[in-house]
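In the two complexes below, chain A is the common chain; its partner is chain B in one and chain C in the other.
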Partner chain A sequence: MKSFGFQKIVDRQIDLDKADLSLVQALARELTGWQRCIGCGSCSATCTAAGMGSFNPRKVQMLVRMGQWDQVAQEAVHCQLCGKCRLVCPRDVDTRQLMLEFKKLQTISRP
Partner chain B sequence: MTFDPFVLPFSIGLLYLMVVVAERFRHWFVGLPPKVKRTIGKRVISSHTLAAIWEIIREGLFHRNLWRRNPLLGYMHMSFALGWFLLIVLGNIESRFYSQLHVNPPYYPIFLKFFVHDSHVLPFELSTIPGFFRFTMDFLLLYVLSGLMLAWIKRTRSRWFGMISTTRHNAADRVALTALWLIFPLRLLAESFTAGCFGGGGFLTNTLGAALASFLPEEHLYYPLWWAYSFALGVFFMLLPYSRYMHILAEMGCIMLKHWGGSEVLTTQSYYECSMQACSRCGVCLDQCQVALAGNPGVSPVSFIRELRAGRIPKEIAEGCLMCRRCQDVCPVGIGLINLRQWAREQLNGRIPVVAAPRYSPVEMKAIPDVVWFAGCMSHLSPGLIRSVQLLFKQAGVKYYWLDADGSICCGRPAQLTGRTAEAEALIEVNRQAILDSGAKLLVTNCPICYRVFCDHYDLPIEVMHHSSYFLRLIDQGQLQVSRGLKAFNLHIPCELDRTSVDADRMKLLASQLVENSEVISQSEWCCGGSLGRLSGQDEVTRKISTDAAFNTAQSNLPVVTGCPLCKKTLQRYTKVPVSDIAEQIYLLSAAEKVN
Partner chain C sequence: MDGKHIVIVGAGPAGLAASSVLPRLGYRVTMIDRSNTLGGHLSKWYQLFPDRAAATVLLEQLTDEVPDSVSTMLGREVTGGSVSSGAVELTLDHGEHLSANGLIMATGFDLFDARRKEEYGYGIYDNVFTQAEIEEMFRQGQIETRHHRKPRSIAFLHCVGSRDLKAGVAYCSKVCCVTGVKQAIELRELLPDAAIYNFYMDLRMFGRGFEELYQQAQERYNIRFVRGRISEAAESSDGSVIIKAEDTLTSRPLKLTVDMLVLLTGMQPAAGSLELAAKLGLVLGDDSFLKPYGLTQQTFKTSYPHVVLAGSCTGPTTLTEAILSGRSAAMALHESLFKLTN
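Entry: the complex of A and B
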């Protein structure tokens, strides 16, 4: 297949019926402001860690809403907590603060 | 007769206090790492002990630092500490004249006036030794009572002390406070009534006793008063270890630890525990804390430490602080407030950290440079700053290697501030290696946040400079020509540069070399509010902090010049006057110089 310039990609469908929304609910109780995100991607454009690999804070914001707890925790590990995202966000979302909470997810057992 | 049952409350209280406090100090000492213990062992018999004793006298008794901050508060604390201390010492010496024993029970000097009625000495007779003591003891009592008056006024009218608010107390504090406030008035009355009945006493107690004797049945009252006095002392001693008054003893412990254990002791669990007990709740930090001023007083050190003492680390208090150091700079006890907050964050966020090794290899280097330059994440959001620095390097003919030309990874300081120490270490290790590999003898950074961590945690064998210091050096050495062309402006000192350091002094010096007339700079030491130390970033309180900071920095609507890309961006959001980095100004001036 490769010689034709095509490539089979991994299935990236998300089954929303199996979404674990407890994270969103917990976030809604604990933190404010993150709902303001409009997915503009300014954070990803400036993100220090994004420049080093596939990490993408905007994607993490989306994954949270889609209830993908495991992926969120795996992604957040790469954030360097530098705070550039917070400075550029047009909607005043403290993405760094969210990442800090998500970093702790792997060590916290699910409800 | 040298015993009476009324001395029992006092004696039991004192004994209890001594046992509890000895146990606490033992616990702190045992908890120290072995290395620190060895250092202490070596230093016990050395000049360090003398230095520690001197500091205890200076700060514990005279409260020099507090005097400097707030003379009225200084007088209040000093009258209690020094007055009471001298009462005890002189009382002990005085009692020797009346007792034949070498060792008196501890209550004897305290209640001397009950046991001994020396009516041969006249109240104002100063020439004899007992007369001198009599006079001095009364004078000291008056001195302590004057401090008590002030303390009482401070509770009700804190603004008279130039303080916006006073501190709140818990139950043990309130009872101990009441006991403390009663001790000296009761002593005055007990001694006066005894003098009224049996003679003796100094100018104060004798006069008061005689005056009150005319209409009060002193012979029935004096004995219950001695009971009450002893009882107040006993209650105070019993509650002392559980109340804010533990600070009297813990402060001494901290000073001794600091002098004996050196810098390593400052980040040990024992020192944290001791120093959180050493806070006197003076409230000086409260008026410095911008988070408190913006309407969240719970974050200020005085409240934070109260929570720590109760064994709690509330998230919003530990994480709400800007880590701006303004409180630490003024704390008269010299508590390492930033380290303490850092420790609390490590407890909250640092547990079982999952670390991803940074995927990163730095840009290629062509030749061994003079300077390795690390602009920093935040500088990358300020292209004007980057360009000015590049052009200045070029003008000065500096061979530099731009380590983070392609964005690089973070310096590790922001992660450290969240308490994720292990993650910070991972970043530090990668950057450190890249810096060493460059072979340069000097590291220059534009970001005070990076500068802080380079200095304090990278353990680099080369010199580290913030760009303000570096350009000052280049100007001094004649490598850069700069005209004094700047009009009046407001200089803003970034927190992470550390206001009390030589770096801040150098930045001020540099600023004064840029203006036509050095009197036209005003200085601001307000935290911009964008600090990465505040972990919950963007809410009303943060906005209020930044609004206040911008208002207080941009005085007379003059432009603001700072030395930190994050401060620059943050302040610019909250003020209409132009905000720029000092490097940008130097570049403009040096370009002007070239044209001339």
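Entry: the complex of A and C
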């Protein structure tokens, strides 16, 4: 039988009032350079994993700035750590290293 | 001023503008350029942004303003020099010597060498071009691929050698944005059925009429704008170019095959400018362009009162700015020399 009735719609809004931006500061102490990203999408264009699914390293970087850590950790697992992103970045961001840190985040949050 | 001698190095728009001002103030003026023609990069343009005025007309106006008394030395190079209190000594090729009371550096820029961004295949693939080559095609009135075919699709890539830390270029060259839009419109007029793209990171339409030109490109000329930097290009067996980018606005990777890829290369300090600056002990900024005394005020002044800077030797400038700064630098030098003698 077809299910019928109301569904709870997940709020897509980024609530910057509630977002945990303290982690952005913590990340900045660990790693530098990622703040230079201008969102050009070169990393996503060349990304090995992006061609095969919805993974998007540019978007992950943007989610970091918005404090969307759950989503960051979920996304980062798809990264294959090939490092092509690092080769093409005009702002010399080590996106691979960033993803590696996020993978750790995933391991920590889900033991 | 009592026949005092001023040397202007560079006969581009800034140098020409300066040389039209100084003789009328009583100076004896010598203008030197490496090239055999007047006008610098302006002489290579077809139409100018934003109003698409003919480049030849502006060049003619600028050269007409230069009084006959100006001694113009074309195809000549400054090979050595020194600056001392109140005097400038220059050595030219063939060993000739020039003594002057003042010097205007109007030594301009070079275009970024697109071969340095190997991932785009300039100089490797047949159908990768720079905006300078497209401008030359406009001058010839003929747009065609390296295989002499009419292109059905053309993509412009912005920011090649601009805002690129890997290429050692942190700054924005600022005029490439509007150049890409202007050339896309001109292409549309020659190729009504072609697909024309602009791949950009940001479009910086700061000047009067620039944003309007962008809007026209969208509305009237059907130019397709994609917000994403091309990560790499490859050549297919028929000579077309396959490019990869992310369409960052839909967050999806994108592939496109074009008959021509045009790289909008940025500005870098002219090699000759750097050589001469080193000889004269002029200071460079972090961006390697000549460093003026201030970036808001006294933008023409150097540490020497009788040496001033004009045009794009101090960083990327529009033609309008180059011409204005040529005139302003001439006035700044005049004031400075006046103060020194009075």
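Note that the second predicted complex is superposed on the first by the 97 of 111 C-alpha atoms of A that agree within 3 Å, B and C clash if a C-alpha of one lies under 4 Å from a C-alpha of the other, contacts with A are read in each partner's own complex, and residues count from 1 in each chain.
Going forward, a contact is a pair of C-beta atoms (placed from the backbone, for glycine too) under 8 Å apart; a residue touches a chain by one contact, two chains touch by 3 or more.
Everything numeric here is computed off the predicted structure, so don't read it as measured data.
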For A:K103, using the defined touch cut-off, is the partner it touches chain B, chain C, both, or neither? Pick first, second, both or neither. first
Looking at the overlay, does A:L16 come into contact with chain B only (first), chain C only (second), both, or neither? neither
Residues of chain A touched by chain B versus by chain C: which partner has the larger set? B
With both complexes overlaid on chain A, does A:C82 touch chain B (first), chain C (second), both or neither? first
In the overlaid three-chain picture, which partner chain does A:K59 touch, first (chain B) or second (chain C), both, or neither? second
Which of chain B and chain C A:T46 touches, first, second, both or neither: both
Just chain B (first), just chain C (second), both, or neither: which does A:D94 touch? first
Based on the superposed arrangement, let me know which partner A:T32 touches: chain B (first), chain C (second), both, or neither? first
Do chain B and chain C touch any of the same residues on chain A, and if so, which? 46, 51, 88-89, 92
In their shared complex, chain C is touched by residues of chain A numbered 36, 38-47, 50-51, 56, 58-59, 88-92
For the complex, which residues does chain A have touching chain B? 31-33, 46, 48-49, 51-53, 77-78, 80-84, 86-89, 92-94, 96-97, 100, 103-104, 106-107
Provide the residue numbers of chain C that touch chain A in the complex, in ascending order. 119, 159, 163-167, 201-202, 227-232, 244-248, 251, 253-254
Using the touch rule from the top, collect the residues of chain B that touch chain A in their complex. 349, 351-356, 358-360, 377-378, 380-381, 406-410, 414-415, 418, 420, 423, 427, 530, 532, 535-539, 566, 569-570
